[in-house]
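This is the structure, below, for whatever I ask next.
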Amino acid sequence: MHIAEGFLPPAHAIGWTVAAAPFVVHGARCVVREVRENPESTLLLGAAGAFTFVLSALKLPSVTGSSSHPTGTGLGAVLFRPPVMALLGTIVLLFQALLLAHGGLTTLGANAFSMAVVGPWVGYGAYRLTRRLGGGLLPAVFAAMALSDLSTYVTTALQLAWAHPDAESGFLGAAVKFLGVFAVTQVPLAIGEGLLGVLLFRVLTVNARPELERLGVL
Amino acid sequence: MSGLAIDDAAWASAWRPRSPGDKVLVSLGLVFSALLLPVWPGSVLVGLVAVGLALGPARVPARTFGRAVRAPLAFIAIGALTTVVEVGGGGVGWAPDAAARAGSLVGHAVAGSAAVLLLATTTPLSDLLPALQRLRVPAAVIEVASVTYRMLFVLLTSLRTIREAQTARMGYAGLRHSYRSSGALAAAVLTRSWDRARRLQEGLAGRGLETGLRVLPETLPASRRFEAASVLGLAALTAVSLVVAR
Amino acid sequence: MSHLTLAGTGLVVGYDRSRPVLDGASLTVAPGRRLAVLGANGSGKTTLLRCLSGALAPARGRVTLDGAELRHTRAGLRAHRQAVQLVLQDPDDQLFSASVAQDVSFGPVNLELPEAEVRARVAEALDLLSVTHLAGRPTHQLSYGERKRVAIAGAVAMRPCVLLLDEPTAGLDPTAVGEALAALSRLQEADSTVVMSTHDVDLALRWADEVAVVVDGGVVQGRPDVVLGDDVLLARARLDRPWALTVGARLQALGLLPGGALPRDADALVAALPDSPGVRAC
Amino acid sequence: MSHLTLAGTGLVVGYDRSRPVLDGASLTVAPGRRLAVLGANGSGKTTLLRCLSGALAPARGRVTLDGAELRHTRAGLRAHRQAVQLVLQDPDDQLFSASVAQDVSFGPVNLELPEAEVRARVAEALDLLSVTHLAGRPTHQLSYGERKRVAIAGAVAMRPCVLLLDEPTAGLDPTAVGEALAALSRLQEADSTVVMSTHDVDLALRWADEVAVVVDGGVVQGRPDVVLGDDVLLARARLDRPWALTVGARLQALGLLPGGALPRDADALVAALPDSPGVRAC
């Protein structure tokens, strides 16, 4: 769920860009450092970005009948860590805006904040917490992917509520409205994305053990 | 073709040989106008100009443009509707200025989306990324984004082909099977992406990968006339909007 | 597996582009006969097979199975896919499970068959493709030729009446080609009709009972030695004339080969030559 | 581009596995001669080419260029790569840029050449491969055959003395194979030595001045008609005998073909046959 071009007032568009910038710049610094040490990691990072983009072309069947697209940032956070995902997520959002007409340019900052910053960090936090509490890999992946999707949607709803408060009940009323309207599609999707993560890792742990070990997941 | 209609349109557009900077100037000018000018007549004018330029001089197929504009419409409609429905002590009802608020929101958003699309359907992303260097985006980041652009088509082809193979063997008959297939599909594409990166690394080593992914910059010369016309047009659009709005 | 006639009539695909990929292509797959679909890269071979398998809905024209038209509805496709299976060129596009046996079981499991039946089908498919010894191996450790055969086994486990194979021999070395062809013969004996696409004219002449050349959006179907001896057609289709027809025709003209159908490969040709020159020269 | 002799001597690769991929393989690439490297899938053809290109350091043995041994240091590899370039089988393993011209420019830019020189080399490479018309097209819209030629152009822009190609004709239709071979001829005329790997024995016989069969970790190098006529070797290497040698030998025995070297393809064979039977039978 991306905020469309022109949907945020200028002050909000600027504000969210400023809010997302430090995270994205930090991610870019990590990437620049990584690439300077290993030039070939450009290819691995590009592949990761391409995978995240392509994942959003994966239609997840939903119980409610409509199908939706996973965000994939929780998975990215587990595999590549949140700072890198802040940058890759922003690149993917730019690509989605210009290749799929999903999202926009002035709303890129707001979308990056929810999808490339909040989602990955919440997902990664959930992953680490679950593992520390003794949860196995699969429950941790479920938590990471479901919660990163869920937190992205909640953040987007709050961003919209702040930009367009209810005439009578203000920000809170608007938040309830936006959370409610998008919950219909987004809550099943979050659960679906968590399930997808579990199924995906079940295959990966057999087929791609060396890669998962290299990435520190196993 | 690549399977991404907007990308195909961008490569085939009559504006492809134009400098990306020129196209960014006119498109972003329109995006900001859509956002900042009063919705009547500002956004309406922006929308008309964006569509007119895309379908006219840039020769973007109307069907592609139309379909692409539709993508954000669902979000815009639901979003605008949510905004103007009021939740108060008296239950749910329309906000007092519902029509005006919805109109304004939809106007800004549709015009803005059309303006972004003007850029998207005339400028391949690979032309745009090197231009980011002027915004002081580090070269390494631009290279990562460029590889992302190249690789996403390879992976998209894999995704579609694998999904077709799964469908043929009833992989998407029923919800449970669909999930299992989607998980396997995502895993297959992910391992494919790693494999691709590793093989590309080997493939490029012979031509000197150790110094990064530098290539000969493509020169798409800027046109003073195009730039002047863009600035004048945007100024005229702003002037008309402000005068009429008053 | 009963024998059904699969046919495509007047298939048109890719109408919104300047030149359609298929433009009125018609093809009949007679039960039990070996059909080779020939064509240059980009001629529309794969598109044709995808139409016949139901993976692609043609803009115009129809696909029929024993006269019954394929409807692109959930139920229509479900029924069609149980009868017709397509194996794509790149095995990596078809192997997505962890182990070979798991991958081959994918189709039967999706058909909601009882476990014993699934096991039986997997065992049968692995056996037909001579890959039983690979059952427990992870798919990514297999060689290219092995992966190709396992991918075919995955389709065979669906017990299709008609098996469509896109370039099953591409990228295989001569021995692996021989193994693949032997597997296809076993499938035929197990009552499947086998269709393969290829651009190897020599292979098509050697293997097929009938060939279909995809050219200019249409299909020319007929006897291998007739169709592949038509130089005008071959030039239009960007294909070569099989060497056996070129050499055979000349030797026949010299009276060194008996009249009638020409030998289809080197061994048959050598066997048909006289023991000493001039024997048949009369 | 001067002519240099590239050679591998006693190459051993993959020693930590039970059976080494290469186990004392030696090969000499004579300047200006067309060398085809033959072998079954998994025989070690690609490994051999990767050793020769410097992409892979053999566990034992050495690679020499006009007698000078390749050192796997930064400088050593840099010098070697300017003389020897390897083109991989899958073009997607080499094309990383969205634009054809930019992809081809990658090598020359890394050589730190002045911009005008880079442009000249790109133009020359695109021209030699007949893909100048694709310069402005995005890589992802090209057909497989076009991508293959662009990938070769990327290596050609490095102006190598020796160009190693892994299966350059695999997956191409007959016309595209012809175009690829014509491009290789132009490269030879432009003073590059061309080596290709293939498992198509008929193609090797037709094209090569010399063949090298990779078998059991070693290499057997020699004249195409001699090496490819050795049935014991071919069986060990899991390869077929070229049809032209089978048929030609028989026709020669019948006195229908003149003694000496056998014709290498169908046209040459037909041309060498007598006008009427028995003419040469004496």
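Read from first to last, the chains carry the letters A, B, C and D; within each, the first residue is number 1.
Quick note on the criterion: a contact is a pair of C-beta atoms (placed from the backbone, for glycine too) under 8 Å apart; a residue touches a chain by one contact, two chains touch by 3 or more.
By chain, with names taken from UniProt: B = Cobalt ABC transporter, permease protein CbiQ; C, D = ABC transporter ATP-binding protein.
Because the structure is a prediction, the values reported are computed rather than measured.
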| item | value |
| --- | --- |
| Rounded Å distance between chain C and chain D, as computed from the means of their C-alpha atoms | 30 |
| Chain B-chain C separation of Cα centroids, rounded to whole Å | 41 |
| Rounded Å distance between chain B and chain D, as computed from the means of their C-alpha atoms | 43 |
| Of all residues in chain D, the ones touching two or more other chains | 96 |
| For chain A, residues that touch 2 or more chains besides their own | 43, 203, 207 |
| Chain B: positions in contact with at least two other chains | 1, 7, 125, 146-147, 149-150, 154, 184-185, 187-188, 191, 196, 200, 204, 209-211, 213 |
| Arrangement of touching chains [line / ring / star / complete / other] | other |
| Every chain pair meeting the contact rule | A-B, A-C, B-C, B-D, C-D |
| Residues of chain A touching chain C in the complex | 203, 206-207 |
| Footprint of chain C on chain D - complex, ascending | 39-42, 143-145, 170-176, 199, 201-202, 238-241, 243-244, 246-247, 250-251, 254-256, 265-267, 269-270, 273-274, 276-278, 281 |
| Chain B - residues contacting chain C, complex | 1, 63, 158, 161-162, 164-171, 173-174, 177, 184-185, 187-188, 191-192 |
| Complex contacts: residues of chain C adjacent to chain A | 96-99, 138-140 |
| Interface residues, chain D side, partner chain B - complex | 53-55, 74, 78, 81, 85-86, 88, 90, 92-99, 101-103, 105-111, 115, 118-119, 122, 137-141, 154-155, 158 |
